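Next, two complexes with chain A in common: one pairs it with chain B, the other with chain C.
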Partner chain A sequence: MIREELKEVDLGLLSKSDGSSRLYFRSSLVTVSVQGPAESRQQIDLANEAILSVHFCPRKVQPSSPTENVCVASIKKILESVIARSLFPRAIICIAIHEGVAGSCFLSTIFNACFLALLDAGIAMLHSFVALTIAIPNEISSNKDPIISPNKEQEFEAESVFVFVIEMPTKRELFCHAWGNFSPQHYQQCLQLALGEADKILLFYRGEYSKKLANLKFN
Partner chain B sequence: MAENFLSCQPDEYYQRFLDHEIRPDGRKLNEYRYLNIGIGSISTADGSAVLKIGKTTVICGVRAQLTNPPILKPNHGYLVINVDIPGISKGLTKYTNDDEAYTISQIIQEMVSNSKMLDLKSLGIEHKKLSWVLFCDIIICNNDGNALDACLLALVGALKNTRLPHVTVDEDEDIPIVNSVTKHELVLREIPVCVTAAMFRENYVIIDPNTEEEKLSSGSIIVCSLEKGGISYMSSVGAGLEGERKVEMFERAKFHSERIRKELVTACEEQAQSMEY
Partner chain C sequence: MTAKDNSDNPSTNSVAIPGNKVASLTDYNPGPGTYISGNSIFASLSGFIRTEPPIVLSEADEVQLPHIHIEMHELEKKCIPQSGSLVNARVISINPRSCKVSIIAVDNTYLKHTFRGIVRKEDIRAFQKDQVEIDKCYRPGDIIRARVISLGEALHYVLTTAENELGVIFAKGGTGVPLMPYNWEEMQCPKTGNTEYRKVAKVKEIIK
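Right, the complex of A and B next:
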């Protein structure tokens, strides 16, 4: 199921970065580059853990949608809780997120690409996480069931859209961003769906990383 | 003694209070601070509101100007929301954090557009020629935590207070004729109210956090509820609040938003009546 929506995934494409990933999922393309842990400047280092510096580089000078900008602030908080920062005191880890195409499922693509880039960089993490988007169709559409990883038309016409980031394997909800018009029952329904799908996405990560490691052996 | 404990180990200090389900400032976990709403205080603005949630003070002023409508939507107007956090709101030791002001303005923009509060068609005057642009300036004068709730509430109060003059377009000379004597109010289809809560040690949910509680929080949740029921925006960061606990949070948000909405509507009606006299 994931293969239909996933068009392209690439790990380690940037030679100058410690880790990088490019993910083309549904109609969203995101490239993430990770540099670190590296020596930080005196003014901003922490004695007991690493500092995370997250930059979002939109295609246009002004971010096109409020949603992306709001969530970029959340990305830093989530990554801070996931990365084992205490293993790298007085260091800085820089994560640069480049927008290629901001299509449907853009936010979940950003989160997934960040995770793949961190895997590629070999940075120690306390947990892994997966992100996915679920849309609830509006009243006039023929199919009333929630749609996992909607395409652009489905996302635009949806009554409400949920973006979940699930911590694995504990299956705790790390982040949830929802907009539209929904009820608590909709939220619970979508959360259950997300928890079910999360395993498939993690399996996909394992597959991609295994491929990368298999390629390394021949080099 | 207590101050030393607070400065050395703030987490433990707060934990001692939360074990007894109370906060250092005396509030219960589910208690909102005192709300003080002033509508129409700025006479030079077309609509204004001053709001205080505890010590957090926010002013919102609305200026209406005439402009050309957008090309893709020729009978719509514009709503431009700008949030400013001047240095005085945080004291002299910290400079203005531009990111925070921009983030708050983006969140409010999203809440307002998702709730479909204001029909932008009502700001259109003449198809393809003339429409209103409402510049909403939100200034956070004092930030003692939970500025987002205060900003949205001040914005809604200012929009409810906004009175626009009747404008017609002279067909011969193609210039707008403004009639300032008769003014009409904006039609707000919804009154979105936002409730923010902070999570402490993934265990406690604290409604309406102040600055210290925000610094110590392990996560936060923002819920924007609508008057007609339903939730138009929700953002939760951090583990610890999922499933049933989040549904409980939705109920709490609904309870608080109904009470806050009532206070806002009452304040607006009182101001409108006092203007009539």
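Right, the complex of A and C next:
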């Protein structure tokens, strides 16, 4: 299923960054660049762990909306819990997320692109994580089953949409962003679906990273 | 290939990504790039899984477990200076009390992002600390080998060169020609024969 929706994935495309990735999934295109760990030249630095700095660069230069700020703060919180920051005291890790196309499954594409960029940068992490978007169709549509990775039309017409971030391989739910009308049963149903699909996405990550390792020469 | 195929019998050359269980604590000792959770060893870095046999010094020693670690490519290694690590640094500026350096390598790993350090006058050498003249030890542009004492207070790592093996490993003279070590406190220009004062490191091996 991933191959059908995935149009482009690139690792290490930016030569000046420590790690970078570009992910074109469904109709969303995101480029993520990771710099660090580098010396923190800010006034505030943590003596026992690294600071994480996450910047979101929208395509159109405009004041950021509250939703955007909430999403960026969520991304930062999740990455802070995943990256082994205690290995890099008094350092800073900068992550820049560039919006290419904000289509369907945009938030989950951002999370997956961030993880691929961190893999490419070789920054130590405690866990992997995968992100998925699941939509529950409205009452009018003929198909009542939840849709994994909906397209733009399906996402717009859906009764509710869930974005799950699953910690792997423990398969714990790290984050959920949902909108629309849904019941606890809908939520549980979509969560179980997400847990089932998470393995495929992780397998895909390993495949992409293995391709990159195959091109590198080891001593 | 599933996400859990490296669980108990890790095969060398298999790829691990962070969070993968690579071995059990009863079978292997954890090495760089891994961490322990419960009774299992997990990968914290992405790379190839490598195992090493245990070092047995004599037959009377207890049975040691083999080591397991994650091998990363040289270009991807991330390390920052830590207390006690050997660093290579370029001297940026000097003043009568200290010299500021830019750390360019840590433990033979070249850094993509430099860190700032400081070598105080009293940390340059181990004897006659009060009679040290910094301009006779280091000059801007010199590459020195130093050891990190501490993370420091104001964004500078505090370094020391108060050992025989620490000090200037590369310097250029007034003519721009690299200087050759003459003795522990002088370096000589091979072109003009002039000597310049430096605190020279006692390098054990000559790299050809």
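The rule is short, and it goes like this: the second predicted complex is superposed on the first by the 208 of 219 C-alpha atoms of A that agree within 3 Å, B and C clash if a C-alpha of one lies under 4 Å from a C-alpha of the other, contacts with A are read in each partner's own complex, and residues count from 1 in each chain.
One rule holds for everything that comes next: a residue touches a chain if its C-beta (ideal position, glycine included) is under 8 Å from a C-beta of that chain, and two chains touch if they have at least 3 such contacts.
Please read these numbers as outputs of a predicted model, since none were measured by experiment.
Shared-chain residue A:135: touches no atom of chain B or chain C.
Contacts of A:193 after superposition on the shared chain: neither chain B nor chain C is touched.
Once the two complexes are overlaid on the shared chain, A:172 sits against chain B while remaining clear of chain C. In the superposition on chain A, A:180 makes contact with chain B only, while chain C stays out of contact range. Of the two partner chains, chain B is the only one that A:77 touches; chain C does not reach it.
Among chain B and chain C, the chain that touches a larger number of residues in chain A is C. By the touch criterion defined above, A:94 reaches neither chain B nor chain C. Of the two partner chains, chain C is the only one that A:205 touches; chain B does not reach it. Overlap of the chain B and chain C interfaces on chain A comprises residues 167.
Per the touch definition, chain C reaches chain A in the complex via residues 1-4, 15, 17-21, 33, 35, 42, 44-48, 71-78, 80, 112-116, 151, 155.
Listed in rising order, the residues of chain A touching chain B in the complex are 66-67, 69-70, 73-74, 77-78, 81, 167, 172-184, 187-188, 191.
Residue ranges on chain B touching chain A, taken from their complex, read 99, 102-103, 106-107, 109-110, 114, 218-219, 226, 229-243, 246-247, 250-251.
Of all residues in chain A, only 18, 35-41, 45, 47, 82, 84, 88-91, 119, 121-128, 167-170, 199, 202-203, 205-207, 209-210, 213, 216, 218-219 touch chain C in the complex they form.
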